[in-house]
C-alpha cells in the first residue's frame, strides 16, 4: 500500500494551478500502461452526451472535473480517511466516444469497462450524461444484476422519447432493468422532484419494486434517516452508485442540462455520499456536469468533492476487505 | 375542459429548446384572437421597469421567463395537479409599455387588464418591476378593494422618492392603499429584510393595519405556520398575490435589481406558493426578474417554477368552483 | 404586396424587448396556418446539432437568433431595400428534430422543407449545425443539382469521422455531391482556413472541380473581387447559399463550436452577403450559431444581421422576377 | 500650471487596482470644493438612462468608466501630450438624476452644467444615454448655437417615439436644433449605419443642412479624409463633440444598448478622436456605455481611452490659448 | 454625535448607482484629511493578495466591496441599530501595497494601521487575502496579545509552504501566535472544513489551546450555541474579528480563491456576525473576496453586508462605552 | 523522424473534448521520462505571475492554453508545414513556481530550463507573466547574449517600480540587457502603444540601441515590411522570440492583465509569427494570457494558435538544419 507512484501531487509542493490536470492529481495510467494491473480504484472520464434530449454539454464534463479536482487534498476533512494511502488509485483516462453514433459509443464504453473490470479495478466515473451509466452497467453487472443507490431529481425510467427512441438520458435504468443489469428490488432513487410529463416512469417503478423517495419525503425525514433506508434496501450485495449532479439544487449546481428547482444544498450533497459508508460498492458515477452552463466551475468543484466522498467510502471498504 | 387547442407542447414530442417560446408552450392568444373569450387563466408579460430607482432590467423579464418556461412540464410533481387539463390556459402576450413615459405606460397596462378582466380571465403576470402591480390592481380591483399576499424583501410602501416622485417600484402599494385598491387589513407582507432607510414605510403599515412578517420571524416559525396566518388574514374574499423574486435569497435569484442577503431558499420559494392553496386568487404576479443580472437564466427558471405553482393553485380552485 | 398581415412590428410602436419573439417580428405562420400558401420567403429554424463532433450548442441557435432578430428594423441601411414591403415574409417556426437519432432528424427536416418547396416558398434557415444543410438540400435540390456559394472556415467535405461515421457536420457537402444535390463545378467555398487534419477534403474538391478560396487569397484580393468570381462560378442557374458563422473571425462571432482564428470582420461579414446581389438564390442558411459559447448574444445578432442581408437580396430578386 | 494638487496618482506609486476610483485618478472636486474655481477641464459623470427605448444600462456607465480609467497613465503614447501638466483637470463628480422623472432629471443636469460653465470649466462628460447631451447642450450653448462633431451609428434626429414621446435617446439632436442649441449647418454625423425604420431622420437632416457620413463612405474614404471634412464643417467656432460608443463596432464595444454591426475598430475609435485636433471644443461627451452588457469592462476601457484622447486635444488647445 | 459630515449619502437623494463609490457612501477621510482625528470607526481597504498560493484576485476586493456597498442603507433591518448616527464613521481609503514585494507590503500595511490606532480609530478592513491580517494585527496588538473570533473554512495555521516559505495566506495566525499578537487560549476558529493536507495545523492548534469548531459541529449545534461559546472564549478582553468570506458556502460566495463546499448560507453568514454583540472588538476584517471569480458582485455584496453587521456591533459598543 | 510516440492524438480518432489535455495533444514527457533525450522541441508551461503589478491571472495560463490547444490539428493551413512529423515534439510539463517568493521562483525556472537546454531541446513556453522571460533567458543565453524579436504593447524596459522594486513584469528586458543576456543592438520591439508613464523606458532603449516600432508605424508600413526589418535586425545569430499576447488588440485578446486599446487583429497576430520564417530561433514564449479575464477561452485559443505558428517556423528550421 501507499506506493509513492500512486500518490497525488501535493499543493504544498506544486501549486494547484500548475501541472497537467489528471483526476485528483493522480498518475495517468491508461490500460496499456505497465502498472495498470496494480490499480485498485480507477477514475475514468466518459466525455459523452449524445443521449441528451435537452441542453447538451456533459461531454465537456470530464475535462472540467479534472481541472477542478486539483483543488482536492489528500485527506477527508470530516472522516479523516486518506484514500490514496489506503488503496492504489489512478486516473485511467477517458473513454473515446463517437459523438455522432450512439450505439457505437455505447459499445466503446462497455469495451473499456470490460477491461477495467477484468483487471479487478473498481471504476469511479466522471460523466457524461446519464445514458453513460447503461454501457457501464453492462460491464459492471456482467456476472449478474446489481443493486443501485441513485441520487437524482429524475427517475430516468422512461420507456422512450420522440415516438420510439429507446436510448436517451431519460431511459438508461428502464433499459438496465429490462436487460437484467439491475435488480429492481434493490434499487432506491432519492431526491425525485420537478414537474412531470405523466406517471409512466413511476408506474414502472411501482410495478418493478423500485423504491422512489421524492424530495418532499427527503426533506421531511432528513438525510440520515433516508440513507439508513437506502443502505437497508441495497444490503450487502454488490451495488452500483449513480449520482446525477441535478440531485443537488440548481443554485448549488447550475452546470447541468435539466435542472429542477428545490433540491438539497451542498452540505447535504456531500453528506449523502458519506452516508454510503457500509455499502458494497462495485462501481460509481457522477454524471450530468455540464460546463457550458457553469463557466465558474463551481458545479464541477462540487462534483469532484462528491466523487472524493464516494472514493473515500470505496477506499475504506476496499482496504478493510483487503 | 382539456381542449387540445389549450394544451402545451410536450417535450416528448418537440424538444424543449425548439419552437417559438410562449409561456409554458401554451397557445398565443392575443385579445384579438378568435378564442380569447374561452381563456380562463391568462399568462401575461409586462416588460416594463421605468419605476426602477436602482438597477434596471426587468423590462427584459417576460422574454426570459417565456424562454425558460419551456422547461415546465404538464404536471405538478408535488401535488399531482395538471393545470392545463383543469382549465383553459393561454399566453395572452405582452402589454406594450412606453419606456420613456411612466403615466402613459400605466394607462396602457390598465387598459390591457381591463380587457382581460372584462373577459372573465384570471391574470397571471410575469413582470416587469414592482410598479407594474399598481396599474394591474387598478383593473383587478375595479369593483372594490382586494386583499393581498405579498412575498418580498421590501414593503414597497414608501411615500415618495427624490423629493416627491410618487410612482416608483418602491411605492406601488402605498398608492394602492390610497386609491382604495387594497384593503390594508387583508394585506400580509412576508420576508421583509435588509438594511432600511428609516421606518416611514413600516409606520404606514402599522397605522393601516398591514401585517408585516420579517424574515427573522419567518425563519423562526417556518413556512407552514406563516402561510397559515397569511391565509387567515386574507380569508375567502378576493385576494391578489404579488411575488417579488427578491423575496428569495439573491444566491438563488441573483437576477434582480435590489437584492437583499439572507432570504429563503428555492425549495421554500416554491413551498410558500403551494401553501396559497385555498386562497381566493383573483390575480397574481411574479415581478422583478432582471435578466441582465443573471445571464444563466436560473432566476427566470425559478420565477416560472413559482408561476407554475401559483397557476396550479389557481387552476385547482377554478376547476373546483367551475 | 405589402399586405399588413406580413409586416413586422415596429420598435417605434412596441419596444424591441417586448412581445413573443418571432424571426424579425414577423407573423408566425406554421404550415397548417391559413395563410401559409401566401408566404413568399419563409424564415425557418432548425434547432439541431447532432452532427457536431466537437462542442455542441447550435440546437439553441434558432431561439437566440429569434430573440436578437427583434433588433432588426424594416429597411436596409446600406441598400435601401425594404424586404417586407417587397414580398410576403413569415416565420414558419422550427422543424422538430429528434436529438437522439440522426437519421430520423434528417427525415423530419427534409419532410418539412418538402412542404415549403411545394408551396413555392423560398426558405431562409437559421440553424443548427452544418449537417442541417444536407436534409434541406434534399428538398431544395429535388429537381436537380444546384450551385452553392459557401462561406466557411472549413470545407465540410470530409469522407467520414471516427472510423466510418458518414453523417457529421464535417461531411454534409461530400454527401450532397455524392447524392447529386450539388453541381460541384458550380460550388465555391470562401474563407477556408485554420489548422488541417490533412488534405483529404481539398483533394476531393480538386477532383470534383469545387473552387476553394482560402482566407489568404480572400484578404489579398478583397471581398468585391472574390464575390465577383463567386457570382461568375454559380452563374444564373439555381443556387443555394450556405453561410457558416465561423467564416467570420471568432472575436466577432465567438458563439460557435469550431472557431478558427484570423477571419473577416463584421463589416465584411455583411458585405459579402450583400454582394450576392444578382445570384439566383433558391434557398439560404446561416448555421453554427452556438449560444452557450456567447451568452451576450453578439454572435446571434451578427447572424440575424447576415440573414437580413441575404433576405434583402432574395426579396429584391423575387420582387423583380415577380 | 502643473499644480501637484491636480496631478493624478501614478501606477508606479499606487497600483492601479488600489484607491477610491475617480476619473483618471484625479482629485475629486465637487462644486462646493474650495478649489472648484481653479479647475480648467472637468470630468463629469451623468449616470442616467431614462431616455433609453431599448436595453437600459448606461446609468451604470460613469462608475465603470471611473473604475477602468485607473488604467490610464499621464502621457499620450501617440502624440506625447501630457494633459494633466498642461491644464488643471479634476473629477467633478456625478450629476444626481431622478431615474423616475425625465423632466426633473434634465433640469438637474442643466443646473449642474450651468455651474460648470459659469466657472469657466470645459466639461468632459461620461454618460449616460444619449438624451444626456440635450440638457448639457442647454448649458453649453446658452450663449448661442454651437457646431457639433457627432460620432454614432444613429442620427438621434427622430421626431418622437411611441405616438408622441418627444424626449428619448433617439431624439436629442432634433430637439437641440429646434431649441437653437445646435447650428445644423455646422453639424456632422459620422458612422451612421444599421437597419432603419424609415428616412424621417435623414430627411430632417437634409432639410436642415446636417451632413451625414454613412459608414460605407467612412470606410471608402478613411478616417483622415473624413475628419478633415469634419474639421472644415465645424470650422473655428465653438463646437461640441458627442461620441456615442456605438459608433464603434459592437465587437469592440459590446457594452451598449443599441449596437449596430459593421463599425470601426478600436484603433480608429481613438484615431478619429485624435483627429479632432484643431477643433474649438467647448464641451464633449462619451455616452451609451452600458456595463450590464459588458461585464469585462472592455467597453468602458475603450470609452475612457477615447475620453483621454479628447481630453488631450482639449488640454493642448486650452494650454495654447492660455 | 451624528455630525452631518459623517453621514452617508441616502439612496433616496442620490440613486445608489451614482457618485464616486466610497465604503457605504461615507466621506473619504485619508490620514492627511483635516477631520481624520474625529473618526471613530474607520473603513479601510487592503488591496493585496501576494500571499495567495492558489487563485489570486483579492487585490481587487476593496474596489468591488466599495462599489457594492452603495447598496447599504443607514439602518440595520434586524436590530434597528443606526451606526452612522451612533459614531463617526469614514472611509480612510486604501493602503498602498507593493504587489511584487511581500515584506515591503507588510511594512506599509502596519505603518498605515499604526496611524489609525494612534488616532484612536477602530479599524474595519475590507481585504485583501488573509495574510493581510498579520500586518494589521502587528498594529492592533502592539500593546499586547488579543483574542480572536475567526470565521473561515481553513485554520490558516500552517507552518510554511513550498519548502520553507513562511508568509502566505495559509500561515498568518501561526505567525501571529509566534509573534505574541494573539493569545491562543482566546482564539476560536469556526466553520473549518474541506479536504486537508494533513493535521499539522490542527496539531498546532491543539498544542496551543486554540479552539476549532469544525463545520459538522457547527451545523449540529447551530449558530446561536456556537457563538455563545465563542463569546465565552474571548471574554471581555480586547478581541480581533477575522472573517474569511470562504467561511460561507461557495455557492453563496463564489468570489474567493480557495472555496470549500458545504458551508453556512447567507442568512447564517449575517447571523454569526450579529451574534458578536457583546464582544470587545478592537478591529475586524472581511477578507478573501476575489472579484475575478464573481463578476456579478454577489460575493462582494454579501461581504459588505457582513461588514455592516460587524460595524453595527462595533458602533453600538462604542456608543455605549462613549 | 515521425516517430509514432511523438505524434499528437487526432480529433478524427478521439474527439477534441476528450482526454487528459497536454499541449497540442502531444505526449507528456517530463524531464525524468525515458524519452526526454529524444525531444527536439519542448512545450513548457510556466504558471507564474508574481511579477504582475496590475491584474493577476497568468498563473492560470498554461492550463487554459493546454485545454484550448486540443483544437489544434496537425497541419498548418497556410504554409502546409506538418511540424509533428518534422521534429520530435513533446509537452515537458510545467515548471513548479513558488507563488509567494519571486527569487525562489526564478531560480526554479532557470534550473528547469537549464535541463532543457542541456538536453538540446528548443523551448517553446506558454506563460505566465512577462517576468517569466528573464529566468528563461538566463538558461537560453547562458553561452552569450541573444537577439530578440519582441511583440508587445509595452517595452518592459523600466528600471523599477514602487520605489526600487527591480523584478516585475515591467522590467525583465532591462534586467536582461544589464545581465548580458540580450544584445540590445539585435533587439526589436513591435507594437508599442498605450498611455505612458513617461519616457524613461524609451530613453533606455534609445541609449542601448534597441529598435522600437510603435503601433502607428506598424499600421502605416504593414506587417510584411515591419517583419522584414525585424528579420534584418536579428540576422542569423541566435534569437529569442517573446510574444506578449497584449500585442494583439484587447478585443481579440481580452484575457490579459494590462491591455492597451488599438492593436493588430487576429489575422495579423498569426501573420507576424509566420513571418519569423528564417529567424534562428533558440527559444520562444507566449506570455500574459490571463484566463480569469477571458472565461470563454478565446484569448487562449488565439495564444495557442500563435504558439503553433512559432512551432511551425521552429520545426521547419530544425528539420532543414537537421
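A, B, C, D, E and F are the chain letters, set down in written order, and residue numbers restart from 1 in every chain.
We adopt the following convention: a residue touches a chain if its C-beta (ideal position, glycine included) is under 8 Å from a C-beta of that chain, and two chains touch if they have at least 3 such contacts.
Values in this document were obtained by computation on a predicted structure and should not be read as measured data.
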Intersection of the contact lists for subunit C and subunit F: A, D
Selected pair, out of B-D, E-F or A-B, that shares over half of its residue contact pairs with C-F: A-B
Inter-copy rotation, subunit B to subunit E, in degrees (Cα atoms; steps of 5): 120
Same or different residue numbers at the subunit D/subunit F copy interface, by half rule: different
Centre-of-Cα separation between subunit D and subunit A, whole angstrom: 56
Chain centre separation (subunit A, subunit F; CA means) in Å: 40
In subunit E, residues with contacts to at least two other chains: 13, 15, 17, 53-55, 59-60, 99, 161-162, 251, 265, 293, 296
Chain pairs in mutual contact under the definition given at the outset: A-B, A-C, A-E, A-F, B-C, B-D, B-E, C-D, C-F, D-E, D-F, E-F
Complex contact set, residues of subunit A against subunit E: 10-13, 15-17, 71-78, 251-252, 265-267, 269-271, 296, 298, 301-302, 305, 308
Contact set on subunit F toward subunit A in their complex: 13-15, 17-22, 28, 45, 47, 59-60, 62-63, 66-67, 91, 93-97, 99, 295-296
Sites on subunit A touched by subunit B in the complex: 53-55, 161-162, 192-199, 214-216, 219, 249-251, 254, 258-263, 265, 293-294
Of subunit F, residues touching subunit E in the complex: 49-57, 59-60, 98-102, 104, 161-163, 165, 167-168, 292-293
